[in-house]
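Next, two complexes with chain A in common: one pairs it with chain B, the other with chain C.
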Partner chain A sequence: MDYTIIVFLEILRAISWLVILAAGLAIIFGMMKVINFAHGEFLMLGGYITIMSHNAGVPLWISMGVLAPLVVGVFGIIVERLVIRHLYGRIIDSLLATWGLSLLMIGGVTMVFGNTVQGVSTPLGSLSIGAYQVPGYNLLLIGIAVAMMMAIWLVLRFTSAGLIARATMQNPDMAETLGVRTSWVYMATFGLGSAVTGLAGGLLAPLTGVAPSMGVNFVAQSFITVITGGASMIAGTLSAGTLLGTISQGVTFATGPVYGDAALLLAALILLRLLPQGITGRIFRKSL
Partner chain B sequence: METSLRTDPGFWFMTALGLVLLFLGPLFWDLFQIMQITQYVVLSVYVLSLAYIWGFGGILSFGQAAFFGLGAYTFSVAAINMGETTFPFVLAFAIPAIFGAALGYFMFYGKLSDVYMGVVTMVVTLIFWKLINHTAGPEYAIGDARLGGFNGIPSVPVLNVPGDAQAWLDPGQMFQVFMAILTLLYVLLRILIASDFGRISMGIRENETRAALLGYDVRRHKVIMFALGAGIAGMAGGMWATYQTFIDPNVFSLEMSAKALIWTMAGGVGTLAGPIVAVVLLQYLSLKLGEMHILNNNFILGGIMMVLVLLVPKGGLPTLRDGIAALRVRGSVRRSGTPGKVAPDV
Partner chain C sequence: MTFSRRTFLQTSAALTATLSAPTILRAQDDMIRIGGLHDLSGAIDSSGIPMNQAMQYAVAQINEAGGLLGRQVEAVTYDPQSNMSLYSQYATQLALRDKVTAVFGGITSASRETIRPIFHRYQTPYFYSCLYEGGVCDRNEITLGTTPAQTVAQLIPYAMNLWGKKVYTVAADYNYGHITAAWIKRYVEENGGELIETEFFPLDTTQFGSTISKIQAAKPDMVMSVLVGTAHLGFYRQWVASGMKGEIPIASTSFGGNGTENVMLTPEEGNGILTAFGYYETVENEKNAEFREGIKAFYPDNPPVLGETSEVTYEAVMIWADAVKEAGSTDRDAILEVIETGKSYLLPAGNVAIDPLTHHAVRDVYIAELRDQKMDIQQKFEAVQPTDTQMVCNLQETPDANVHHEISL
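Then we have the complex of A and B:
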């Protein structure tokens, strides 16, 4: 019985993890149909800010939950104004430019901080379930994933900003005709997506430590989750996160963590062969 | 041969240049220069794989390094096991091509959009990189070849004369073989591009729906092109392995994929000669900048990539061609008062 609970919690954690990693990317993709190839480096930036400010004496929760999203969000807005803005409608070019940005950021951070791993200890101790110990941090991750999805849903569904966002998503030209300044909507979306990614990076920092090239380890999972999910921010991320999280955790239990990612990709390829627009391209189409 | 090819001075110039370098180069260069230039030749073969599928088929692969690395590992493992290098060299083309065909089937028959394709090809590279990094233990061996994880495979055999496993090539001969491969590849690709197959590819690049409505099987056509590109990249990987006599998982790195994209963009999408020139110039530039130890290599690459996308989206050679054409037009306007002939946009 205890073991069942542990396995269940582990799977839940894997799903939450994918949701947290991919949420920022999904917000940007859902709105602009653009994949930010520098996603991994935005995570890395969030992680660095968390650890740097914590080392400078800021309490961990503030640096993780406030500073990291704030700084990465502002950075995202700057990137949008300087680079992405010029490439709307040129999807391939925006992928190439963000990839260039990703290399630039890896190189820049290496030059400033050096190619070393830095870390902080994981907070929240552990919880015992029967004979097993569960890190309390895992439960926090599950809680944050749920809160994140709820918050996005509430904003999109019930606020006027959400209404404008949904209108722009559905038909940018029509929204513009009705007086919505879509270029600002895109800027805000990119900033918000970046902020969420910054938060994810902050949450990541105590788990893995930070290094300039750490992004590489997480982008594969994030990208697969987002493209498998399709264009809907919440339904897509949740359905793909659930499916892929279960598969990868199952494979990890069976064979070890190396093949978890490969299994993810294989599952995603087969799924995309059947549903080329992602899960929400055919199922849950009307959802957010 | 097609007339369009027969009357193209650029084609004859590049072919002649290749042959001149092939025969006269080793007479004038010292050993260090030969090694350096051989590296450019191998990377030029690699860049042609992307320049072909992107420029002449509109297939943008963000994961050419997956095939490059696969070719490099295939060659190394096969050569260590077989004790000679001719058949492994063939395998370095064949296995990535087969893998490319399989991957292409999923992508093109699924009709994935550009964004999805970009992500899938990139993720495939990442996963290869991760998997091969985890093969450090002695249990990960194929025959006599231990994969070695992040340490890579040392002592990859040097190319030998076909049929005689002891007759290794010296660096000068290796340069000549590789230069011959590059020249031949360039000529064959140009012929392929000028052929009916190539015309259909360009038709697909311009408008997929129109090509499909005219009765061409777009999906199959793209799979063939993609597999061919994968094979060429794999062959370049095999050349890279035997040139370095050593490989490590960095052949699968994102940097390697990005480099192919940067060179192709810098040289100009839709040309073959441009990317080759870009390889030589940018590799030389990054070597010189790297020697100064001020800027990180990734920083330089990323910067170049962003500048190219934002400022020179058409790439070096086409921009140059357009510039010359514009100057000519202006000149002839001034002389005769009527607009001159504008160069056809090929």
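Then we have the complex of A and C:
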């Protein structure tokens, strides 16, 4: 019984993790159709900001929850103004440009901070469930994934900013005619996506090693989740995260992490063969 | 005949090249050149940069002491960026174009196996300075890093004696992890212990929750870790977050090999992890104190982290320089003959000798416990033989050997 609860929690944790990891990319790629190949490096930047500011004396929750998204968000806006805005509608060009950006960021961070960083311990301690112990931080991740999706949904569904953003993404020319400054909407959306990615990076910092080249470990999982999810941002990320997280963690428990990874890729492959437009290309079509 | 601007430029360029060529050639004659091939960018630059720094420091020290055979030493270095095709391209360049007298470098087993055959073919002596899984049999390669027979064999009985006999192994999913895990199994069983389970992790795995739960269910006396790299650092962190610190102890033959991992974990997370290597920054002897201070003064702005890989790279250059001096020549066979006499060198890591049969190092091995981000040395084992490679390699019987044996257990 205890073990069942542990497995269940671990699967929930895996789903939440995929959702948190992919949310920023879903905004940038899913909504704006910009392939941000530097997604992993945006995460890395969030991680660095968290660790650096925490070592400088800022309380962990503030470095993680405020500084990381803020700085990466501003960085995203600068990148959008300098690079991305020239490349809207040119998917391959944006891919190459952001790939270059990712290399530049890895080099830049290495030059500024060097190759070694002191880490932060995982906060919140552990929780006993029968004979087992799980990190309290895992429960926090689950909560944050839920809150993140709720917040994005509320903004898109009930605020005029959300309405304008959706209109701009669906038909920029029409929105422009109606008096919307679409270039600002694009900038703000990219900034928001970057900020969400920065938050994910901050949350990552106490979980694993933070190093300039860490981004590469996460970029594939993020893209697979977003592409499998399809066009609808929230429904897509949630459904793909749930499906892939359950399959990979289930297999990892039954066999080992090597097969868990393979199962995740295989599931995504089969799914995309059956539903080339992603899950929300066929199911939950009208959702956000 | 009309002279266009372009032909004029071409002609003058060609003229300048011809005129200046003798000076270049003279400069080349004056210098003894060695090659360096370390990943200075890419996924494992955290190992490559300190190795390169150690090599440059060794060269500077040799030059300061008057050079070799009355000539200065110059290092030609390339950054192969963890890219195997660049590794083979630069290796060929070093051997054929730069005509270096010896090469130092390669970090992963993959990069070593890419360049080793190239240097074997062109007979350029090659020094490999990274801990690895053992089994290289090649007279042209001098292998100085530790093998599992040197580290695992010491660490397992030491840790089992301390903590108990039931062992759970977590390992990186590539040849180093697999081969070392096999050695762990063997030494655990030889010492009367029981290996409960071995789990392998791809190098990009960052989440270890399910494994930690499985370990909790299996209740071993200790965990042996052969995890590698920054992503795998997450294991130690999540282990502490799960409240396992203090419940089940961890020993490792890969943690902190290049000296960086120990400072990436906070003291609360890392304290108590037991490791075994051929060198630690904390080794106490005169040579090491000199080396530590010297290299920090040489790189005041960015002192390298010192671990086995960087110190062993320094060793390699020093052993090569000693051989050149004694042979009175930079010729490959003359150098190898000196090295094969089995003479012992006093180095920061302690005493090192080259086993003539395998060209691997016979060296002192240390066991240390991580304490406040420093490796606190617990025990020293003197002159430990690379018995794993000795099982498969005898260069006196087969001097032309050119293989990497997968030592089967």
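What we mean here is this: the second predicted complex is superposed on the first by the 285 of 288 C-alpha atoms of A that agree within 3 Å, B and C clash if a C-alpha of one lies under 4 Å from a C-alpha of the other, contacts with A are read in each partner's own complex, and residues count from 1 in each chain.
Everything that follows uses one rule, which is that a residue touches a chain if its C-beta (ideal position, glycine included) is under 8 Å from a C-beta of that chain, and two chains touch if they have at least 3 such contacts.
None of the values given here were measured: they were computed from a predicted structure.
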| item | value |
| --- | --- |
| Side-by-side fit of chain B and chain C on chain A, or clash | clash |
| Touching partner for A:227 - first (chain B), second (chain C), both, neither | first |
| Chain B versus chain C as contact partner of A:253, first or second or both or neither | second |
| First (chain B), second (chain C), both or neither touched by A:265 | first |
| Touched partner set for A:107, first chain B, second chain C, both or neither | both |
| Touching partner for A:216 - first (chain B), second (chain C), both, neither | both |
| Shared contact residues on chain A - chain B and chain C | 106-107, 110, 216-217, 220, 258, 261 |
| Of all residues in chain C, those that touch chain A in their complex | 41-43, 45-46, 49, 173, 199-202, 204-207, 209-211, 213-214, 216-217, 229-234, 237-238, 240-244, 260-261, 263-266, 268-269, 302, 305 |
| Complex contact set, residues of chain B against chain A | 60, 62, 103, 106, 109-116, 118-120, 122-124, 126-127, 129-131, 134, 254-255, 258, 261, 265, 295-306, 308-310, 313 |
| Chain A - residues contacting chain B, complex | 33-35, 37, 83, 86-87, 90-93, 95-97, 99-108, 110-111, 216-217, 219-220, 223-224, 227, 258-259, 261-262, 265, 268-270, 272-274, 276 |
| Touch list for chain A against partner chain C, complex | 3, 6-7, 10, 13-14, 17, 106-107, 110, 114-122, 124-126, 128, 131-138, 204, 206-211, 213-214, 216-218, 220, 249, 252-253, 256-258, 260-261 |
